[in-house]
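Next come two complexes, and both contain chain A; in the first it sits with chain B, in the second with chain C.
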Partner chain A sequence: MNEIGGVPLFFLEFGDIVAYFSPFTLTLFLLALVFSVFVIVSRPERQIDIAFGADAFFAKEISLPELRFRRFMAIACGLACMGAMVTGDVFDFTLFVSLVGICNVGIVAAVRTYHVQDAAYQYGLVALAGTVPLFSAAAIVAATTGTLSMLELASPAAPAVPLIARALLVLGVMGEGMAPFYAAKAEMFRAPGAPYVIMCSLSSLLIFLRVTEVVLLL
Partner chain B sequence: MIIQKISRILSNYDNILPLFAGACAILAVIALLSLPLPYFEDQLYPKQIVPGSTLNPYDRGGPPFTQADIRLQYPQNSPTAGYVTAYLTPFSLFLSRTTMYMGTTIVAHPGGILDEILYNTRGLDTVVEPTILFISFAIAAYIFHRRED
Partner chain C sequence: MAWNEYSFGLLVVFLAALVGFMALARERDDLHKLLLVDLVEVASIAVIALLGTDLAEALILPGLVVGIAELLALSQLYIAKEGLAGVPPRGLNIEVVQKSPATVIIPGFLVVYGIVLSGFTGGGIAALGLVFYFMSHRFLGDFHVLELASGISWALWVAAFFVFMFAPAFWFLALMGAAVGILLKVITKISLVGVMWGEAE
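On to the complex of A and B.
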């Protein structure tokens, strides 16, 4: 097997879907796990707006229902991330990545600010469009190699995965995680509620790291 | 300088969707140009449509109550594979004998036909798929509900 992320330490079998923990995937898994725990135990930040020309400031309060919903979304995002980090199946990976994309939109969609909602809508459309290259990549992998298991595809005997399938997979992950669009994600970070919002960028970073391994493995 | 310009364009979230759509279109054109892709004949999950079978398209073969021979990636992980479609509840059996639509009622009634591959050996996929659906329902419900307060 082409061991790009190190020798797998142990396997977790779900029938034909085998999650494997190599040093690389285990590190990413632990990162997602630790941050999920942070999200569970931490309280959201309170943004302070300073009023110009006056000796005043405003603290943005986050209501309890909004806090609960965003925490739920952030935990779901963390769980989806953990799944995407360790799964050893191409189709399962694409499913987890699209779950991460939807959770990202959910975290910001709960904010009541107009421009954040507007941004969340645009990200939602990108995540929606991203599923097309994502799942078509999985379909092409299945059709051209006959299998979806990364462990089988990593063996030298496996048929070659066409370059276009890898390109589609990367583009799909870019759409779901919006990884290269950090400049535009500034709108997201301006949303109040720090630990939950940072889950968006952490998850997109993690899935992007993982997809590099997947593409090199295939 | 050029990074500054790119960053300025990207920082406007209205530009992201056209940009991404453009990238998708370019890649779609490349994908079309790279056709035909070779089809691997030895598929892991072969599926043949048997026109006469009432269990179509979930007929994996095999007589009831005995194990059917099913191709798997890791047979050692699913020792009970092959039993699922071989078993039908009395109502499912009745449906499959009287109508041709048993295959369309996958989980629509208790003891409905279960596809071996879809629900047993690739069960994690089946769990993740409804999770995506439920998460999107949760977001939609939250946003819709919030409008009223």
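On to the complex of A and C.
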């Protein structure tokens, strides 16, 4: 097989869906895992606003129900990231990526600030539109090669995946939170509550790294 | 590569998606944008359906579920963003809808037919009946019970899949569990569309 991410260390089989841990995917998986653990154990930051023209500042408090909801969404996002990092099935990969998109919206949805909610909504629209090229890519891969397994597609004997399927896959992942659509997401990071909000940007980075591997593998 | 039915189908679906995206680029109202995105989403389901195999059927289900989940999440966010939470839903203010017994008979027929069909399709049909019923009758019950039922029946569905994987000998039990689980899940989840207006402040 085309070992772009190193020799797979071991395979985890769920029927015909095989998750594989190569040095590359294992590194990304551990990164997502470690950050998820951080999210579980850490407490949210309290953003400080300085009042200009006066000797005063105020801290933004995060209520317990809001904290619980956001922590839950951040953990869900971490799990979706871990799945996207190690899955060996093209359709599963697209599903995990769109799950990351929903969770990113969820992380900031509980913030009671209009501009943050508005940014999250606009980003959610982009993410929802991004599922069209994502699922189209997976469907075209299945239609042209007859399989969705990355391990089979990586073997030299496998039929070639058309360029349009790879292009649609990259476009779809871009819709779920990469440049240039990342601009829609940037406003969301102004929401208070550091460790949870950083999950949004970390998940974007991780799915970006993984999709490069997937596209080169196909 | 020669043009065949699949290529033509793909062309039509992509043209439809393109029209949807063009409308999306011109639209400025947030709620209309959400509706248009949902319309575009149908194109992605159609691309999968073009496969025309059993695999396509298996892939449409998660694709549709993810699409509905995103739609529900975004509509909740829209309600929170525009400060619409706590506004009670209203039924259709049309005299014939409010007085006619057809608004009970048609949902009743659809629900019974959906339960007979079972599975995802049956759930969709029964849920359509319930959505029509809730639309035409003002119902201010506790919808959180429905939400809970939806979650539990989904757990049943997942449990049935574990039986398939680890104890294939009990496949018939698992099949029935999965069919009933997904039926209840889809009925309860889709019937919530339009009636849940978020937590009262």
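Rule of thumb we're sticking to: the second predicted complex is superposed on the first by the 210 of 218 C-alpha atoms of A that agree within 3 Å, B and C clash if a C-alpha of one lies under 4 Å from a C-alpha of the other, contacts with A are read in each partner's own complex, and residues count from 1 in each chain.
Here is the rule we go by: contacts are C-beta pairs under 8 Å (C-beta built on N, C-alpha and C of every residue); 3 or more make two chains touch, one makes a residue touch a chain.
Keep in mind it's a predicted model, so treat the numbers as computed, not measured.
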Between chain B and chain C, point out the one touching more chain A residues. B
Tell me which partner A:G15 touches in the superposition: chain B (first), chain C (second), both or neither. both
With the two structures laid over each other on chain A, which partner does A:S149 touch: chain B (first), chain C (second), both, or neither? first
First (chain B), second (chain C), both or neither: which does A:L31 touch? neither
Should A:I102 be classified as contacting the first partner (chain B), the second (chain C), both, or neither? both
With both complexes overlaid on chain A, does A:F69 touch chain B (first), chain C (second), both or neither? first
Does the superposition put A:G175 against chain B (first), chain C (second), both, or neither? first
If we overlay the two complexes on their shared chain A, which of chain B and chain C does A:A129 touch? Say first, second, both or neither. both
Look at A:L209 in the shared chain and tell me whether it touches chain B only, chain C only, both, or neither; answer first, second, both or neither. neither
On the A-aligned overlay, A:A167 touches which partner chain: chain B = first, chain C = second, or both, or neither? first
Do chain B and chain C land on any of the same chain A residues, and which? 14-15, 91, 95, 98-99, 102, 105-106, 109, 118, 125, 129, 132-133, 136, 140, 142-143, 148
Mind pulling up the chain C residues that touch chain A in the complex? 6, 10, 14, 17, 21, 24, 30, 33-34, 37-38, 40-41, 43-45, 47-48, 50-51, 55-56, 59, 62-63, 66-67, 69-71, 73-74, 76-78, 80-81, 165
Residues of chain A defined as touching chain C within the complex: 14-15, 91, 95, 98-99, 101-102, 105-106, 109, 114, 117-118, 120-121, 124-125, 127-129, 131-136, 138-140, 142-143, 148
Footprint of chain B on chain A - complex, ascending: 13-18, 65, 69, 72-73, 76, 80, 83, 87, 89, 91-92, 95-96, 98-99, 102-103, 105-106, 109-110, 112, 118-119, 122-123, 125-126, 129-130, 132-133, 136, 140, 142-149, 152, 159, 162-164, 167-168, 171, 174-175, 178, 180-181, 183-184, 186-187
Per the touch rule above, chain B residues touching chain A in the complex are 7-8, 10-17, 20-21, 23-24, 27, 30-31, 34, 37-44, 72-74, 77-78, 81, 117, 120-125, 128-129, 131-132, 135-136, 138-139, 142-143, 146
